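Each structure below is given as structure tokens.
Here come two complexes built around chain A, the first alongside chain B, the second alongside chain C.
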Partner chain A sequence: MITAKSKQRLLDVEKLSIAFGNVPIVKDISFGVDAGEILGVVGESGSGKSITCRSLLGLLPRAASVSGRIGFDGKNLLALSGEEMRAIRGRDISMVFQNPASHLDPLMTLGGHVMESLRHHFGQTRKEARQNAIDVLREVQINEPERRIDAYPHELSGGMKQRGMIGSATACRPRLLLADEPTTALDVTVQARILDLLGELNRTQGLSIVFVSHDLAVVAELCHRVVVMRNGEIVEEGPANEILRSPRHKYTKLLIDSQPSLLTLPPVAREEQAKTPLIEVDALSITYSKPGALPGTRKDVVRALQEANLTVEAGESLGIVGESGSGKSTVARAIMRLAEPSGGEIRFRGRNIAALKGTELSEYRRKVQMVFQNPFDSLNPRMRIIDAIAEPMIRHGLATRNEALGRARELMRQVELPLEFADRKPRQLSGGQCQRVGIARALALDPEVLIADEVTSALDVTIQAQILRLLQRLRSERHLTVIYISHDLSVVRKFCDRIAVFRAAKLVELGSAEAVFDRPKESYTKLLLQSAPRLERALERTGASDAGHGRD
Partner chain B sequence: MISLSSASARRHFGPGAIEIAAGTAIILTWVVLAVAAPLFSGADPNGIDLIGLLQPPSADHFFGTDHLGRDVFSRVLHAARIDIWMGIAGVIPPLLIGATIGLISGYAGGVIDAVMMRMVDITVAFPFFVLVIAIVGMLGPGLYNYFVALALVGWVSYARLVRAEVLVLKNREFVTAAQALGYGPIVVMVRHILPNTFSSLLVFATTDAVLVLLAGASLGFLGLGVQPPTPEWGAMIADGQPYVVDAWWICFFPGLAATTLGFGFILTSDGLSRVLGR
Partner chain C sequence: MSSLSALGQRLLQLIPVLIGISLVSFLLVQLSPGDPVRLLLGDRATAEAVAHLREQYGLNQPLIAQYFSYLSNVLHGDLGHSIRYQMPVGSLILDFVPPTLFLIAYVVAISVPATVVLAIVSARCRDRWPDHLIRALAILGMTIPVFWLALMMSRFFGVELGWFPVSGYGKGFLEHLHHLFLPAISTATWLVPLLLRNLRAALINETESDYVTASRSKGLGEGYIFRRHVLVNSVLPTLNLLGVMIAFLIGSSIVVEIIYAVPGLGTLMVGAVLGRDYNVIQGLTLFYALASVIVTLTIDILSTTIDPRVKL
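Here is the complex of A and B:
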């Protein structure tokens, strides 16, 4: 607290409450940001962190009622008129959003976004603004800014778009940057570079940052101080390394314990290993094509997978990791026979699955089941939970309707879903609960193989921990073989026996979890491991940087 | 404070509930008036009174009399029987045909889709009214031929609507999940995709009912709809047209009737679209 007083307070939020109608979203919170400080705001979905962030810019929906005081530079932002607020927005306080793709105007060039704020706030001419915009783009580490300034968003990669957005937010040299989950939609290697960039802007320009995130490890890497939010309240606040090393509040402890790298999963009892692998993927290539210029012709557009070879042993859990577009989901779709191979084959117990027809195919579909990424989207919104779970058994003729409903209840119990949910529709459930329904539905056919495609990436970290424990228990109880696809290395490390690393449609490394993580052979695997934020490593570093930071 | 009370009403009933309540109230009022028409008006809708021609609205004839001395009030109420039926029944055959074609076309894709969509393009290339009038002209005037013409022309909008919905829905994860669970294409289409198009179908059908109602009235106006002396709003307006300067009430009241019923459908449609979140 002594350090806080010696520095200049930039932002002072006092007793801020935000409500929609009668529903309070943010309850009487107070916090501050010093000049040159990075404040992390951590919380799970529904904790009010994004709404708080938006209120600082006066960008709340009209239905919101706000009380309290937001002090910035001696002014109360809540008392300012729309006109006055507009002068502050983008010039003194600016914001970077989660999804760069949807927050950039597709009809405006990258430079246009940067120039717009310069021209609006400083009245610069087109020529001046353009020259300045090139400098700004260079600062946010965009290569060849003279050329890229005229690029449209669709011509840029996700990381480049996010740099552009940071560029347009920092063009006017604001004193405070609000970053709402700015790296959540990005791949880990890109995320690492964006975090570096934010750290760099903080050091060189003295930019203060409010960094909103659900990811404790990311916050630990970047932030000086942390505010932990839950249900619209601040449960804990303090220096980042202190809070993360010795949390006082039990929710903060739960958050830290739920971090995949710190999670303890029960061991799995595996049956005797069989001689032949259960699934063999042999030189599998998949190419997506679209209709060519002439009718009846097709031209290849995307090579989603090139000559991948891997095997899955009965009872093991194989992790498939890679960044977006690496082909990791394509493998799963091919094994499910949802994508047609353009070369190579997949064998299940020695039989090429492409040759399966009729009852054999139906049999195969029963044995290999899949759980999907988006818990809300993977359930039919018009079907009751119990029907969604019972339907596979009825359609495959495994049970009469009454038997199926009975078994569905038993499955709900197994995935730890309260039976009261049986008659509800998916929208009445939370994401974690929907994901349990997805798992129960996949288990309804008593499969041997369960393919889990990013099943926890849409979930909060505490819920992710529950789902991982559930999957681990089901592995033991049902001797399930699991193919776990994820971009999150720490989850895969905890959960999987063997790991396959994919990059740009190719399998680059395959080996046991220990081998891949401790002695990676490929440079790409090493890069992935380096880029992934890890709480423990971040703590070591914050300890070091605090000492060097010279707080007095 | 008006905004507060309407806001609290919205919170009680949810968005769109007021529109639906008002819209269905208007439609139901017309249904009651139509069914119980004889109770409200003692006059025979087809009773000719050559002495009391073109009487202005009065206590005896609320809406006046037409050029044959028929009671306009009684005719407007009796005409509602035909016009409401036309609005509702005229929507159903095109809906069923269009939804089926759109569902198959969107889900199957490829050649089937290309062929069906070219059929749609050909139908759409002709103006709606021109095609309906041409078909009715060929088949001969009358209510049932009008329904046939509507079915032949009206399905295209439903087919396009459902196809567009299906194209989005078939890439949703729950559809992939259904395929991964080994369900056949018919189960996936009928059980998993189709029910998710119902809300947009319902909204569109209530809007379409207005169009169908007005198209029916227009056909009546052109003498291609319900044949005289059966009262029908469009035909009544056509009858009154030569006298519109001297006896405005002959055209005005059937027009008002068609407008209010149409407004009822529009309100309901608007409310439904809010409730269903579209």
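Here is the complex of A and C:
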């Protein structure tokens, strides 16, 4: 097929291999990017996608050995000297990173970051650079750039920081932008706007983008073409809508099937509903403050939660959704009695949990258990897996050491962990396996309620799918009540019976999953739903835009 | 003017601190054994003479009354009268302050540039021979006792070679520089390694931070990145340590001052303690505390100008 306008190749990667010592990370991959194209690089952790991205700019650590050819603008980037490479970085190819908070110098203003590129590459004076930086900040849609130019990173929101970083990367009008998971650390509504911005820069400036992401739905929304990577190899490559609609490689199929919105979870057999709810959260308010300068005074009062009312029925799974700072984790902490209410109360089977003491309190603590977001950080690195699972039973005096170890083995079987792992340390396990340990440890005390705080957000989608299936099975087998806290709407929709939406310390909407998703009442819920990238919707859109593309 | 009000709040917080210090310094001296009147009059003084002198100095009043009269005097700028020197403690301290302050400024002027240069060399040549050499010397500098080093240097450079005077303070700026060179070097020998290790660790830590990678991705030169990003982000912990060390030096220049016979606060303090000169000890304690508070406050204000995230 002959295209009317033959596209110009901008980047040509041939037989690129990267190894650290004897460990090959990227194996003989080849791909290209046309001028004005957005290429998505998708893969899970360890697939080599970020390393590939960094190698394009020569930013790998010295220990890495790189072979092959990276053709850009008729030059082989791998053959260039350090000096020549520096002239290309930021000028022709630049990069945007995942975590804007750590990739901006905390002691430099937002404008300073943009200005240093301009001054370095174009030799502009401070005054010229400042004027241009204001224009650049306006282009990346920062409001009041004249004022924000002098703001320090800590004074800006996460989305604003990421815009600033995109601004400092695109200030010199590079032809290629490498974006390494640029929206992963951001809330969905912010993510949607950053994706819009990147699309906008691509259309107006003809900026080519290599967009690295683990999130297929995000890639589907933004990219023209997709490369799927696994274990350092490219398993599939092609136009975005083609690959996502009819994947040929089985790994691509697995990736697509693991998308929460396409996931099929087994149904849960629930016991008959009790008359009174298991947990009642009644007009709960929580404020954080620290001691003021003078004794007896408090300052910096933060209202983490304002007058929230909700109930949790026995056996149900309640989803708590919201963006960072919305108060969703605060609710969980309060139910765990880790945060003191400043108003209202929480009742468990009709009893105010603030009044529990002694044995009643430790009994309550056994009944309500929590699984945490980061599977590595929430396990003691020096403890064997089996001990980590058995510890709560021994601590609560429920079993002798031998009984506890026996039960821990049984729990490992239940969470589908091979028994060979019993003597290993957390570092020897993958993220998903560690999260299974976390779940097994929480189940060790035979709880009635399991609070899962972003348990899958640090995991790859295929692993996330496994963990969700596991939780679903445990709900049926153990009649568990689950409070599932997440920022990911598609996961919550699949997994939860009812959903509570939080925003800015307030409960904005509460209802059954279908009601909240299909007939949202609040405008914020609607905004959340629109912002969340969804594979099916993205496919419809790429289909439409491709048709439009073909006409011109 | 939020920064001004923050400064005002900081100053308000100092009041209870200062009251506490005055109370502690007052009680410490009162509770320690020895009677200044007996010391002044000798063992063979008559009971009437002792009683008379006690009344003259107000030593026969209840403790609490003595404290309040002390406090009110201090607030009027009167630190009392030195029993030994027979002059007001305030002017006595002022007489002894210049050599000590000069010495500390001298030490800082030598230590800070040396620290910065050595730490940068060490961090940039990490795990290569210049780094190993600097770190080995630093450990040596920290482990040599100050009194021993001071004695040896005074003997060798002062007595054997005769390059530097071994005692006194001299007259005029240049003579001060000449007289205090050996004391300053002896002090800097343990101060520099302390600061150096701190700064080196911070530099290495910051070199590996994400914003350095981001700066490289913009094509900025290594030298620029180091100066503009890494160094600025690294100095804060070392600056705070320097503040603590200066406050410490004001009160602990005793060893060096005694060995080199510098007429500074350390010399005054030792004389006052041995002579049970209550008012001088109290005055000095208060002065040390005040100096520490001022140094800390200055460092905190400096920190806010470097790091916009730091609040007073």
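Going forward, the second predicted complex is superposed on the first by the 541 of 552 C-alpha atoms of A that agree within 3 Å, B and C clash if a C-alpha of one lies under 4 Å from a C-alpha of the other, contacts with A are read in each partner's own complex, and residues count from 1 in each chain.
As a working rule, a residue touches a chain if its C-beta (ideal position, glycine included) is under 8 Å from a C-beta of that chain, and two chains touch if they have at least 3 such contacts.
Owing to the predicted nature of the structure, the values given are computational and were not obtained by experimental measurement.
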Combined model on chain A: chain C and chain B, fit or clash: fit
So in the superposed three-chain picture, is A:L529 touching just chain B, just chain C, both, or none of them (first/second/both/neither)? neither
Mind checking the angle chain B, chain A, chain C on Cα centres after superposing, to the nearest 10 degrees? 30
In the overlaid three-chain picture, which partner chain does A:I256 touch, first (chain B) or second (chain C), both, or neither? neither
Determine, under the contact definition given at the top, whether A:L104 touches first (chain B), second (chain C), both, or neither. second
Check the residue A:L405 against both partner chains and state whether it touches chain B (first), chain C (second), both, or neither. neither
First (chain B), second (chain C), both or neither: which does A:L265 touch? neither
To be precise, I mean the smallest distance between any C-alpha of chain B and any C-alpha of chain C in the superposed model; what is it in Å? 6
Footprint overlap on chain A, comparing chain B with chain C: none
Footprint of chain A on chain B - complex, ascending: 11, 172-174, 176-183, 187, 192, 195-196
Residue ranges of chain A touching chain C (in the complex, touch as defined): 57, 59, 86-91, 94-95, 97, 99, 102-108, 116-117, 120-121, 152, 154-155, 165, 168-169, 293-294
Contacts from chain A onto chain B in the complex sit at residues 21, 336, 338, 361-362, 365-366, 369-370, 372-374, 377-382, 391-392, 395-396, 438, 441, 445
Using the touch definition from the top, list the residues of chain C that touch chain A in their complex. 9, 12-13, 209-211, 213-221, 224, 228-229, 232-233, 306-309
